[in-house]
Amino acid sequence: MTRFAGRQGPIRLGMVGGGQGAMIGAVHRLAARLDGHYELVAGALSSTAEKSRASARDVGLAPDRSYDDFKQMAIREARLKDGIEAVAIVTPNHMHLPVAREFLKRGIHVICDKPLTGTMSDAKKMQAAVEKSDALFVLTHNYSGYPMVREAHALIASGKLGDIRLVQVEYAQDWLAEAPAPDNKQASWRTDPARSGVGGATGDIGTHAWQLAGFVTGLKPQALAADLQSFVPGRTLDDNAHVMLRFHGGARGMLWCSQVAAGEENGLRLRVYGSKAGLCWQQENPNVLQMTPLGGPATLLTRASRATGHESRRLTRIAPGHPEGFFEAFGNIYAEAAQAIRAHRSGAPVPDDVTFPGIEDGIAGVAFVDACVRSSNKNAAWVTL
Amino acid sequence: MTRFAGRQGPIRLGMVGGGQGAMIGAVHRLAARLDGHYELVAGALSSTAEKSRASARDVGLAPDRSYDDFKQMAIREARLKDGIEAVAIVTPNHMHLPVAREFLKRGIHVICDKPLTGTMSDAKKMQAAVEKSDALFVLTHNYSGYPMVREAHALIASGKLGDIRLVQVEYAQDWLAEAPAPDNKQASWRTDPARSGVGGATGDIGTHAWQLAGFVTGLKPQALAADLQSFVPGRTLDDNAHVMLRFHGGARGMLWCSQVAAGEENGLRLRVYGSKAGLCWQQENPNVLQMTPLGGPATLLTRASRATGHESRRLTRIAPGHPEGFFEAFGNIYAEAAQAIRAHRSGAPVPDDVTFPGIEDGIAGVAFVDACVRSSNKNAAWVTL
Amino acid sequence: MTRFAGRQGPIRLGMVGGGQGAMIGAVHRLAARLDGHYELVAGALSSTAEKSRASARDVGLAPDRSYDDFKQMAIREARLKDGIEAVAIVTPNHMHLPVAREFLKRGIHVICDKPLTGTMSDAKKMQAAVEKSDALFVLTHNYSGYPMVREAHALIASGKLGDIRLVQVEYAQDWLAEAPAPDNKQASWRTDPARSGVGGATGDIGTHAWQLAGFVTGLKPQALAADLQSFVPGRTLDDNAHVMLRFHGGARGMLWCSQVAAGEENGLRLRVYGSKAGLCWQQENPNVLQMTPLGGPATLLTRASRATGHESRRLTRIAPGHPEGFFEAFGNIYAEAAQAIRAHRSGAPVPDDVTFPGIEDGIAGVAFVDACVRSSNKNAAWVTL
Amino acid sequence: MTRFAGRQGPIRLGMVGGGQGAMIGAVHRLAARLDGHYELVAGALSSTAEKSRASARDVGLAPDRSYDDFKQMAIREARLKDGIEAVAIVTPNHMHLPVAREFLKRGIHVICDKPLTGTMSDAKKMQAAVEKSDALFVLTHNYSGYPMVREAHALIASGKLGDIRLVQVEYAQDWLAEAPAPDNKQASWRTDPARSGVGGATGDIGTHAWQLAGFVTGLKPQALAADLQSFVPGRTLDDNAHVMLRFHGGARGMLWCSQVAAGEENGLRLRVYGSKAGLCWQQENPNVLQMTPLGGPATLLTRASRATGHESRRLTRIAPGHPEGFFEAFGNIYAEAAQAIRAHRSGAPVPDDVTFPGIEDGIAGVAFVDACVRSSNKNAAWVTL
């Protein structure tokens, strides 16, 4: 018998982090709201009491559901009859573990931002906490929520590309190309090892690229060799990483992530080449997937078009040519989670086609960052994964 | 003193039309939900009672706020203490007028899908109803809600393009390239003069192209010459229109709209050329606006980037490179309307920078369709607007 | 028995026009040289004697093969044992007829720049001269020499697009967006009715768009309605034209040509939509042809790739991905002409797959300009072709 | 006093290699012919006598200037009064050295295809031969002949990008994705260590990417770490290489070259990121260079446009929007060489703005291949350059 057996209607959601000045919290709230599956009813939106309350007012929480402290929130919400069924964790990385633990142990589902944690040791503790709990754990690797990413996954799984040989993935930005202003909240914690963890760009965006490549290809990484760099003077964490990849089964690849690539906005791009065909997907124009069989011609598969299959179409909301974007993809992770949570209410299994990133993706991401740092410290020697 | 003086919080919204099997109703609901400005609480979602109730259940309306009939809904909601403050009208075109009238006369704001009406005579009646009412009237020409469309408007208004010479606008689709299946609800009413009005493609998508061109350039049309065609056998209404345009002040242009252009999904594209620069915006990749001064080089302005100004940035939700799409643009119309509705509560004027399509756009759109049909009936003679 | 029976090796070529400061003459010389089919041996490169000689030196002509006068050149070259076998005419439009006539009547093949002539009356005289002569007449509508234009032609001819419904063709430039400097030789004759003829942009680039559309689709025009404009003060000839088209068989279309579209360099673009598929080709990236069957997905056919057929592959010189451009396309017209000229030496028919624009294309082009002017003078009334 | 003092007119050119069935020989011939700077008059086009003569006939060589043997050709041509002034070497890699030596030692300029040689030891011998000779040595790294590549070089040299941080270069093809047919001449020697040398893809295309990156950025490589692979069973030489780069001064980079990337035709792409701006150039659409200052917006610089400078404009032949391609870029190397050869005639220095790849580029290229192989043999350890 599950904790929320018998619940009906929208999932009551809480949030930890995401107060005034935060960015990703607003994204989670919009993603949760998008399809009407959730209702945000509680929050500990900031670690300072006053700001927490002001933020709660801004997002329309009832004053008695606004908490100054996430632990207090977990305790009280678990007791309320109409308490939250799930919590979104949108704090800096170092808080993911302590926050998640409080909710998981009370059977409240966790939807956690990435990377899982800042260190491998925390990641293992998170894994233990997840395994001990009956609650679900969802990690918002939102890029895997794009329909055409799902289509790419389906094409490869069906064998359309043949044996995969090459995986070229990159994630280039430029927002940290210069030393950020001191009041830039997003930048300050991301460049601070105490809050971000051992990885800089590797943790913040490299884990997305890594998860995307793994999700789409289904390949298991065997080893990597990484050359990390901090280009901006005074920066401790990497702001650029060059990584060579070897996968079990013989495929090879490259991963590049950078936050100092002048002129790049959010350049996540994946190319996969197999013995029969190759494909290319680019996040900045995400409704198109280029697939080229050996001998050509290239085909442009578009979201929701007749040329696409079930795996992508079940996650679209509108006809082809009406672009869906970042929020819709993020919303797809929330929508998938909602299906899992609803199944959980009745103890039913998660439907077969429902797919979302979870604790394994989280562990894999932190292991990636950890391996990059270790490899780079050994002058880019190969490190086994 | 306005009817909803003192109301706080989300705007209570009703909906007429948009029941099971409809497409645009779901779009409106998502757009309304996106930013948390609205709460859908009532509806007459279908003209058949049973379907209306089933649809209400699907979207989570309370049974006592689900109506079998829009007039009954208008009467009762106007009396309820927590009755709706605005209504979204998402019926086929011929119903826009009768529905809107019932709500307008009771001081309930109307958010109406386009085109305004199916005929010029209805359009004028709508105008009269709007003028008589204290309530707001919003027409969802959603494409004008895209941030980079706003940017284009701002660039032209600021004189960056110089004197406008040429306006080339097109809207090409292919979903009516063949006779639709009899159970295709979207297609069936759009190809039926009784429900769609005098225009086919001209009404359904031509009005969007027309409104977009007018909004972005600020030009007033002087005359048009139109060659309308129905390519699919048995079709009464136009499925393709070629139109030449003359504007007051000397600019000229072309408008092409088609629902039989094989391979086109939702190809709305606007190009404007002035004496100093030209610009190009394409709906299928809407986060980019190309602007090229005479002598070059072309510049690619991207949504939310530092190169953009207030008019577009106030309507973005996320950093550059994180694509916003169709729903966000549609949501912007709802967000603008929300600002106007909130100002209306206190009798305050609509803030200066709040912009949304209204009754004038609606009249202009129906006048466009009407002129196209009249011109085409006279073998594409010029018709004054 | 033909005049040049028994000739071997490269075709001896003369040129009229194309002296210092000219643009298109150099293009013809390069195109002729590209594949080694021709040897430039004589010329009357300018209408002023001194400049003619200086120009001849520049391009390496022997002094005794440089003429001050085209008629004298025609007379002498026709008598020389190793006299020219073909002449390229690259003068302003008004000289095409008088020059061509001198060479045609002496059995020397003519390769003439477009448009055929500046007026319809001259065009008919040219046609008579061509018909009277045994020599070949080639008109350099060079854009039809692009391999992917040939591919488009082949796809339509083979029925892949089904019945053609729509032809959207445009040719936009901006080099005449302002009044040109007085010493701009290219601009000055093109904006002068005495040398250019009755058409401005219509003659200079509209004829290219017109020929391209006709060549690719094989459709015969039935009528057009044209709205011509001169945007730049003081300009007599059109610098922008909006044209609606009707073809025999029911297809419709639009043609837009402009030399005042700020930001456009050489934007020739053709889109054709049929009952089964649509295609798009753009001159500025000419190695790709997009073809989309109804229902998708779009395919990107690339020059020389396995996905292309004989008609385009016979006119490529290098593997896919190695872009061919403007000169190669121009060179293809010269290469086709060379095959025809060589066949002519022995009295053999031109091989079936050799295709080049000739007198019919020329007549059609001038008729297009003439119809545009007549239509525009009647306020864009339909004019039959 | 130089050997060809007093020569006038086109440069008499010989060719070694490039007989029937070859590919690159025809490219060199067209490139040489393009601008009229050269006249092909002699050749040893094949290593088999009969094929050599047949090939000579095909390309129009006089029988007495067709040789069965390159040494015999060098000896005789050096003695002829109108003997060749330069020779193009288009043989498989292993023959570059022995052929070049014979001509260099007789003072005949050498235009040699890349890579310089198959091994480092041969490369050093070539360097010695070049140094001993008064003749010029040109290596056809043709991609550096593209105007917009020159523009990129100029932009970086002028400081527009600030300090260079990142160099991402790639060259992806798929023509060796499967074991080639036994009669595929191009494929057979390129996959044969005896003729190709120690590198496969690294030698054939990696050297192009390497030279391009070095030419555009002006950076000096410090070390590389390479992971080479042969994906196609039975293949000895690499068909894919992943390489991490470190440059003197602190810049880092990645190079990827592949001949097994399904769907890629000739995907050479260079991206460079500095502290102030980034740029991107792609060979398959080579007339555009994207340059984005930090903070944006991206600008699209187009060949021959007013936005470009002297370094690129001096190598263009036609107005913007009229695409130049692969042959024109290749021809630019020949044109630059022609300027140098002409200066050499009179003992004048090569003009300052004339730029072409030479022996240093050749040495650097072979050193790159050599370093890749050594690094890969040590499991991708860093190898100093």
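As written, the chain order gives the labels A, B, C and D, with residue 1 at the start of each chain.
Please note the rule applied: a residue touches a chain if its C-beta (ideal position, glycine included) is under 8 Å from a C-beta of that chain, and two chains touch if they have at least 3 such contacts.
This structure is a prediction, so every number in the text was calculated from the model and none was measured.
Listing every chain that touches subunit B and subunit C alike gives A, D. The pair with more inter-chain C-beta contacts, choosing from A-B and B-D, is A-B. Subunit A and subunit D have Cα centroids lying 44 Å from one another. Centre-to-centre separation between subunit B and subunit D, using Cα means, comes to 56 Å.
We define each chain's centre as the mean of its Cα atoms; on that basis subunit A and subunit B are separated by 35 Å.
Of all residues in subunit C, those touching 2 or more other chains are 264, 296, 298, 302, 305, 320, listed in ascending order.
For subunit A in complex with subunit D, the residues that touch the partner chain are 161-162, 165-166, 168, 170, 174, 177-178, 225, 227, 229, 231, 240, 242, 244, 246, 252-254, 256, 258, 260-264, 271, 273-280, 290-294, 296, 298, 379-382.
The touching residues of subunit B, when paired with subunit D in their complex, are 295-302, 305-307, 320.
Residues of subunit B touching subunit A in their complex: 9-10, 23, 26-27, 29-30, 33-36, 59-60, 173, 175, 264-267, 283-287, 302, 305, 317-328.
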